[in-house]
Structures are given as structure tokens and as C-alpha cells.
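Please find the structures below.
Each of the two complexes below includes chain A, the first together with chain B, the second together with chain C.
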Partner chain A sequence: MRPLFVIYLIIFFFVPGGFCFGHGLQHTEIQGGVGLAVLYDDGTPMSYCEVKVYSPADGETEFQQGLTDKNGRFLFYADVSGEWRITVDDGMGHLVQHQITVDPQLTVVPPAATGYSRRQGTIIGLSLIFGIFGLISMFTGLVKRK
Partner chain B sequence: MHISEGILGGPVLLTGAVLSMSGIVYGLYKLDHDQVPKVAIVSAALFVASLIHIPLGPANVHLILNGIAGLLLGWTVFPAYLVVLVLHAMLFQFGGLTVLGVNTFNLALPAVLCYYFFKPLVRRTERKSVLFGAGVVIGFFSIGLSIFCLGLSLYSTGPEFLGVAGIIAFSHLPVMVVEGAITGSVIVFLHQVRPDILG
Partner chain C sequence: MIRVMFVCMIIAVICLSSINHVSAHEHWLDADDYYVAVGDTVVLSLCSGHEFPTRAMVLKERVIHITEVLKPDGVSEKLSLTSGQKCWQASFCGHKAGTYLFRFTLKQPQLKEPKYQAKAIIIVGGVDNPERYQFGQWLEIVPEKKISVLTTGDQLPLYVLFNGARVAARLTVIPEQGRSFYLTTTGTRCASLPLKRAGRYLITSRYQGQECSLIVLFPDRGSEN
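== the complex of A and B ==
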């Protein structure tokens, strides 16, 4: 038997698989994370939209890219504390930019409650429209009188 | 059809702001005291119409009604849209303050063109079928031109947005049909009850 062939046989049968294939793999289940759920104002989720996450350490290069899920949600795992910037783009001209503050324990600092409900916004908007044009009417009336 | 902040480039934003500002100044110059209540009511209608969303597969579109607004208001549609879009940005985070100029221009310019192209026809004719047909054409024309302006804004920022503009155009085809029907109905109704508004 030729010596080279014997060496091949030895490698094939006796060297452990882990050595032959270079890298072993292991995995661990993780829970939690930092996330965002993005909806249109009528409650429709922004499904499968492009998401970019920028860490506090580097605001130029994305820390992570991906897509929202069917329900408009996206999760990532912050590795440093600070302001994390997230952009969600539906590719149709709608782009959401949001900042999530992460504390040194890498947990999310809850944001202060802001924004209006759809009904509140509609009532406020209509009131402001008639208020603004009421002022314009008063002004044009004064100009006309002069 | 609002473009959100962070998408368009600086030169496009600046161009939109300058063009819109010109339209707004001219619109305010043309705004007569007696016309202010009409502008207020049309602005309120535009504000509410934009909140009526129509889910179409992956896209989410809303009524625009800039054609009928232009027909009723002429150049004063520019200040009307400015007010509406400022409130949309502040109350609902639609669009944004930096893209206000581009969004105003994309919606108000087709409205003004509708005023010049279709006002003489609507003023002269008495036939309901012609009025309704004109309304349908106004709905199609105004939305189509707004999509063209929006596509041009996106394309000016980067040619890679051309595909996006195509998707937006395709997703707005049902809106054009709905708006055409609404515009036609409104014109026929106004012609019956208050023809002086169309005159």
C-alpha cells in the first residue's frame, strides 16, 4: 500500500470532525432586547420595512440592519448605554426616526408620554385651521377697511 | 403622499422651499377677504381627507383631493396646503418641517394647474355628465401630476429612488379612481346648490 494513501486513511478515520471542519458552533437562547413597533396612524403595522440601527458610539455606520416583522416590530440588543437611533423606512416616502435611551444596565429608559390620539389630533387640527384663517380674515378685513 | 424627513437631499429641499414660498406669497397676495372662509373650509376638508387611509396590500395610501381644492381655490391652495401640512407634521408626524416646501409644492402645483386647465370648462358647461367627467379627469390629472412631482423629487435625490416612485405611482392608481369619482360628485353637487363657488 502506498504511504500517501495510508496517511489519507488515517486522517479520514481517526482525526476528530471538529478539527477537520475548523469551527464548532454553539447557540444560546436569548430573551428581551430593545425594540420598536411601528404602525401607521390608522393602526396598520409597517410590515417588512427596512430598519437601520445606529449605536451611540457610531452614528454613521449601521450597528444593525434588518426588516420589521409582519406586525411592524423590530428587536436588537444594545451593547453600550446611550442614545440609540433607529430609522424605519417603508420605501414609500414614510420614514420613522426614533431614539431609544439605554441606561448603563442596558435596559431601556421609558420615554416621556407624548403625542396625540388620532381623534385629539383631528380636533386640535381643525380648531387651529379655523383659528388661523380667522386671524387671516381679521387681518384682511382690517386691510380692506383701510 | 407626504415625503418624510431624512429622505431628500439638501438641494431638493431648498428648491422645494423656494418654489413653495413663491406660491404661498402669491397665494396670500391673491387671497381676498371674502374668500377666506372658503379657504378655511377647503383646508379643513384637505386636513381630514388626508387622514382617511386606504390599505392596499403592502402600501398605505390616503385621499388627497388636491384637484377639487385647486379648482375651488386657485393660487390660494398654496397657503391652504402650507397650514394643512404644518399641522400634519406637528400633530401626526406626517412628512416633516424640513420637507414642508417639497410636500407643499408637490400637492399645490397640480392643484393650481387644475384651476387653469379645467376652471373654464366647469364654468361654461351646464351638463351634469360633462361636469362629472371633468371631475374624474381632474382627480386623475391632479394625483398623476402630484406623483410625477414626488417621483421627480425622489429621483433628484438619487436615481435609486426611481423604483420607489414607480411603486408609489402604481399604489395610487386606485386613489386616482376614488378621487375622480369624489371630485366629479362634488362638482355636480356644487353646481346644483352653489354654482357661484365654481364660477
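== the complex of A and C ==
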């Protein structure tokens, strides 16, 4: 009598449980990724702005879309190597377009040092202006001496 | 040699002054008329662009936070928008004489505070009340004098409020015609806007990550006579 009761119990508790786990889910924590942090001119993060990511394999349909976080950051996981295009749009007229190169190991290729900050640009611009006019004045001075 | 150096410096100053903030992205609330009769319908436009008054783009619907009018009796009413060409539009009819204060704010839905507040003041039936020029919320530019009585050559005192308290801020003034310029206001002293010519003036300011704008229109009163 007792073993039969135990068998009933096993069937009662485990069989429905088995069905429930039939659609079970798995999750694994992942690290790394490819990402971008976007700030306004004044250093304020572009928080909760629309992001679209385009894979090198398909430049028209978004590979992923979402929002930047509170700190203006967005991460995604590249599945092929090549140039990934990311757009960040705050809906108020500010749009950032950026390309990230991913190598065959699916790691980000660091971008070459490009561009200058606004301050650096101003200083360079001023230096160029003074340099050009300095050369002109030197040249005209030499011509006058002759 | 000194003359050449002087010329160099002048050119450098001109080049630097050409890098102005007026080319920054601004938003503004514009009306087809700012001084109307009772019962007249006003069409308001929510505009965005780099060069006022040229409208460059339509704001995304998801960032339009508040669009409302504060009526002379202190009651606010939501404005319903329609998508127009290069801007959102709303129409309003003032059935009572008084000062009507309009605004729209821009905000990412997840943020608590708006990033931008644009205002317009419309005088209906000639009743102009400077006490009705402010919402007392977020960042806003407030004229201290009646705008309806000003004429060319006058000065318009302006101050900046942040949640109802006066703050020190820089104002950018972009006239409809002519060059833009800057004004500064302190917590106690108003900025003084010289009205050199008739037309619309877009005034903008920025404080603690928020931005705001106000349009004031000075009609050519000389041509009315």
C-alpha cells in the first residue's frame, strides 16, 4: 500500500513539473561588447536617446535598436567582423553617426587618433592664421629690402 | 611690421567671432501674430533649426512633452498638435482679452525634467499684463516690462528664471534681421535688449543642463500711423 502511494506522489508532483520545464529558459551572463558613449557639447550625457545599429552584412535593416542609458551609453554584441554603423538620435535635432570596426575575433579595432577638440581646433586655427600672415609679412619685408 | 601684426590680429578676431553659438540647434515657438483681437485664431508653430527663422526639421513626437497655454485667468489648456511641413502646429482662439502664455517643452520620456522649454507671449485684445509672463517652472526667459508698448529704440529688460528663482545666465539674441548678439543677466540685474529694428527676436538661454527660448515680436509701429 505504502509503495503505491509513493508512486502516486511521484507521478502527481513530477510529471506536471516536467511539462512546465518543457518550455524552460536558460540564461548566461555575458561580458564585453561593442559600445558607444554620447555626450552633448556641455558634457551632459545623451540619455535615453534612440539608437540604431546596422551590421556590415545588412546596412538597411537594423541589427538592433534601443535607447542609450541614463549616462548616454549603449552596448551591443557584434556577430560578424567589419564596419558596424551606429546612429544615436535625441529627436531634438542632434544626431550622431559613428562607425566601429570589429575584427574577425569580434573585438573592437581601436580607432586611429582623429580630429581635434574644439579648443585644439581654435588654437590650431589661430596658429595657422598667425603663421600664414607671419610668412606674408616676412616675405613682403624681404621684397622691400631688395 | 606692426601694421601687419595688427591686421593679423583683426583677422583672427573676425575668424573667431564667426564661430558663434547662433549656429547651435535651437527650438522656438512662433505665432503668426502676437497682438490679436478677441476671437481671432492664432496659429502656433513648434520650430527647430540652426538659423532662426528658417525651420530645418520636425521634432520627434516622442520628445514633445508639454504643449499648453496659460490663460489670463490662470487656467492652463493643452494644445493639440498637427504635423505640418517642417514643424508641428497648433491653433488657438482667445475668447477673452488678456495675456496668453504659450509653451512647449522637450523631454526624453524617461527623464524627469525637460531639456528645453520654448515660450511665446500673445496679447489678446490689447490687455498686456507682465505678471502673466512666467510659468515659474523650469528654465524660462521673462520680460520685465510690457512688451506691447515698446517701440524701436526702446530697451526691453529681461531676466532668467529657474524654477521661479532668478539666476545669472547668458542670453543669446537672434533678431529676425541683423546679427545675433549676447546679453548677460545676474540674479538681481536684468539684461537689457536694445530694440534697434522691428521684427521677431529669438532669445535663448542655458542653465544647469536646461535650455529655453522666447520669441518677442516688435511690430513696426511707425508704419501703423
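A few points about this structure:
Please note the rule applied: the second predicted complex is superposed on the first by the 102 of 146 C-alpha atoms of A that agree within 3 Å, B and C clash if a C-alpha of one lies under 4 Å from a C-alpha of the other, contacts with A are read in each partner's own complex, and residues count from 1 in each chain.
The rule is short, and it goes like this: a residue touches a chain if its C-beta (ideal position, glycine included) is under 8 Å from a C-beta of that chain, and two chains touch if they have at least 3 such contacts.
This is a predicted model, so every value here is computed, not measured.
In the superposition on chain A, contact of A:44 is made with both chain B and chain C. More residues of chain A lie in contact with B than with the other chain of the pair chain B and chain C. Touch criterion not met for A:101: it reaches neither chain B nor chain C.
Residue contacts after overlaying the shared chain place A:144 against chain B, while chain C stays out of touching range. In the superposition on chain A, contact is made by A:130 with both chain B and chain C.
When the shared chain is aligned, chain B comes close enough to touch A:87, but chain C does not. Shared-chain residue A:64: touches no atom of chain B or chain C.
On chain A, the surface patch touched by chain B in one complex and by chain C in the other comprises residues 41-42, 44, 47-48, 89-94, 122, 125-126, 129-130, 133-134, 136-137, 140-141.
Residue ranges of chain C in contact with chain A, taken from their complex: 1, 4-5, 7-8, 11-12, 15-16, 19, 24-25, 27, 48-49, 56-57, 59-60, 62-63, 106, 108-111, 115-116, 206, 209. Within the complex formed with chain B, the chain A residues making contact are 40-42, 44, 47-48, 87, 89-97, 115-116, 118, 121-122, 124-126, 128-130, 132-134, 136-137, 140-141, 143-144. Within the complex, the chain B residues that touch chain A are 1-7, 31-33, 36-37, 39-40, 43-44, 47-48, 51, 53, 55, 58-60, 83-84, 87-88, 91-94, 150, 154, 164, 167-168, 171.
Note for the complex: chain A touches chain C at residues 41-42, 44, 47-50, 67, 70, 89-94, 122, 125-126, 129-130, 133-134, 136-137, 140-141.
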